[in-house]
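Letters A, B and C mark the chains in the order given here, with residues in each chain numbered from 1 onward.
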Amino acid sequence: MIVSAPMRSQVRPLGIDVRNLSKAFGLVLALDDVSFSVRPGEFVSIVGPSGCGKTTLLKIIAGLIRPDQGVVEIGGLPINGPGPERAMVFQDFALMPWATVLRNAAFGLEVRGVPRKEREELARSVLAKVGLSGFENYYPHQLSGGMQQRVGLARALAVNPQILLMDEPFASVDEQTRRILQDDLLKVWADERKTVVFVTHSMDEAIYLSDRVFVLSPRPGRLVRVLDVNLPRPRSSKETRGSVLFAKLVEDLWEVLREMQ
Amino acid sequence: MRKRLLVWSLRALVLVFALLLWEWAGRIPISFAFPTATATGRALIDLLRSGELPDGWRSTGHALLLGYGMALVTGVPLGLLMGLVPPLGRIARVYLEVLIVMPMAALVPLVILTMGVNIRASATIVFIFSMPFVAINAYGGMRDVDPVLIEMARAFNARWFHIVRAIVLPGALPMILAGARYGLARAFIGLVVAELLLSPFGVGHLIMDTRSTFEFDKMFATVLSMLLVAVMLLSGAQHLESRVLRWRRRGEEGGLQ
Amino acid sequence: MKRACRYKKILDRLPTALAIVLFAGAMEVVGRYDFSLFLPRFSTIMRTLWNLVMVGPLWEAILRSVDSFVMGVTPAAVGGILAGLVLGRYPLIAAVFDPFIGFIMSAPLPTFVPVLIVLFGVGRVVVLLTVFLFAFFIILVNTRAGVEGTRRSLVDMARSYGASEVQVLAKVYLPSALPSIATGLRLGIINGFKGLIIAEMMLGLGGLGRLLAQYANVYLISHLYAVVLTVMGMALVGAYVVQALDGLFIRWK
């Protein structure tokens, strides 16, 4: 029985408030006065053309980069670097090639000083949740891309975050695996309600997964549109993707993006 | 821009600090023999003016040129041959790898005994230090060549000689040049070892001589001259190498147009 | 299939064995012709070697050389890895020291031996320092390259989970750099041994280098060859051992 980590059902998701965020790299203005709010438990996507600062924005929310101007508040409190309430999933999986799947999944806990037996138990349970039971002693290079990303997801879930930050997590896998991972993600999310900020290139993916979609313009990165996605939940590939509303929303999104080119 | 300024000023600071430390160490003195930085600088100018240094470098330079030249002339073709004739490559490679790992200084007494104490012996020592590195890098370059390109050329019925000239040599060039550069560094090492152990003439002799006459400022100045010449020649070789390789790459791009 | 694999392994070792046998054989044959005082027979050399080890000073010299070597290489390894970690992790510091490191890497290191003698007198310290110098910078440069090659996303990942600076260094940078560190250690050890011989030859205090100089001085040719072969053998054994350790590290990458 795991005692030190809070019982999963008791963890409430938190809201994110982004206000007047600006960030420049040298002479390039990556983000220009970006403001928005994410409600607790909401699933939002950030889309936009390459170089529009999506990843920068996510990293600022994660606490990895300091903005030049503006604040990010989580649960009403301004952030100052990474925190235990947020966990990130990376596009290239960011798995340590020299560690087993188990150790990789337990990494977030290891960093926080959770004793070995406990963190291994926790890691095993999240790995089971993402469907990787039995692979604990494999090394990343022995797994497919989709499985590697599941490890990345397990690692994020293991620290029981209230906010999940995902940086184009399914961009490096093939289309079929992508769809499977999307559904798995939705399932996990339905299970333990977290606030999710999901960066993606894919309009289809953004509409399919989210409650709202934020559109960013490139250089400088500005928030140009917010789309509400009123598709019913739970979503499924057949029903949701087949619906007329879905197609319309994707087209609307495409219109916005196309205008930017 | 600001960062570059910071880096350069910190570098200057480190250099100045090191020089001051040297100067202070000489004045304490850290050992009765240790000359200060300024004394060394002055001695360097004296040696240059008196002609002792240039004289020393004349014979040393001879040994270096002779030994390194021979290393290039034998090492590069050997490496190329090893690449062209794989069984020879496999066997010769074993010997070369032994020579590379082996402390060549251990062979110096043998060379001295068989050849005496003269420029020829010095050049030979430079040669044995340098050649294995030149050869093995040239060999490596040969093995680097893209087999797909060779296949392509053969598909076009190109003659063997043409393939070597147009595909193999250019493909192997980067590593051949790198080997020449390593070989030069090794040549200097061999030169110094030879000079310090043989030393009837040349820069090494000057070093040992000034040491035995307790003229330590001159000794350090001579050591400094050796360091400076080596570093300058090697960085020159580096620049030459990048220039040649860049030109090659641009030449390839030009060909595509 | 398995038998073929075993045969292949033997075939791979064949050139090496062949080369050694060829060399020894050539020396033996040439020696028999008595071309010169300086080309003794291989068997003579081996006999002398045996004598030197059993009743002569060779064994003691080997021990002393190995001792000096270990004393010089160990701080070089520890220091080189630590310094390499720092330089690789903090590009600003690296940029400041770059030209100086470049200078030393281009400089012929034996040049520093007379300088060290002036500084520290004719003592064993100079031998240790020479070994250190020869090994330290190579280990440093390789470690640094390994650290610099660490994947950015791994560092971000660790930081995003709240890892402190020390944790990131130990858990991400260091393991990521391990293959390069192994290479650096291998090259550093080989080079350190070269420094050892050079220093011992120039100082004449003890160890294999001194024996080389001694036997050359009194024209004991077979003795000289025997010591040369010993040095060669040690270098080869050392290189082989280090290579094997290297392979161990690469295993999980």
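As a working rule, a contact is a pair of C-beta atoms (placed from the backbone, for glycine too) under 8 Å apart; a residue touches a chain by one contact, two chains touch by 3 or more.
The structure presented is a predicted model; accordingly, all values stated were derived computationally and were not measured.
The central chain of the assembly on a C-alpha centroid basis is C. Among the remaining chains, the Cα-based centre furthest from that of subunit B is the centre of A. Contact count check for A-C and B-C (C-beta pairs in contact): higher for B-C. Between subunit A and subunit B the centroid-to-centroid distance comes to 54 Å (mean Cα coordinates, whole Å). Put simply, the C-alpha centre of subunit A and that of subunit C have 49 angstrom between them. Each chain gets a centre from the mean of its Cα atoms; for subunit B and subunit C, those two points are 19 Å apart.
Within the complex, the subunit C residues that touch subunit B are 15-16, 18-19, 23, 36, 38, 92, 95-97, 99-100, 102-103, 106-115, 117-121, 190, 193-194, 196-198, 201-202, 208-209, 212-213, 215-216, 219, 221, 224-225, 227-228, 231-232, 235-236, 238-239. Considering their complex, residues 3, 6-7, 10-11, 14-15, 30-31, 33-34, 90-91, 93-95, 98, 101-110, 112-114, 185, 188-189, 191-193, 196-197, 207-208, 211, 216, 219-220, 223, 226-227, 230-231, 234-235 of subunit B touch subunit C. The residues of subunit C lying in touch with subunit A in their complex are 151, 153-154, 156-163, 167, 171-172, 175-176, 178, 252-253. Of all the residues in subunit A, the ones that touch subunit C in their complex are 59, 62-64, 82-84, 86-88, 90-92, 94, 96-99, 107-108, 110-112, 139, 155, 159, 165.
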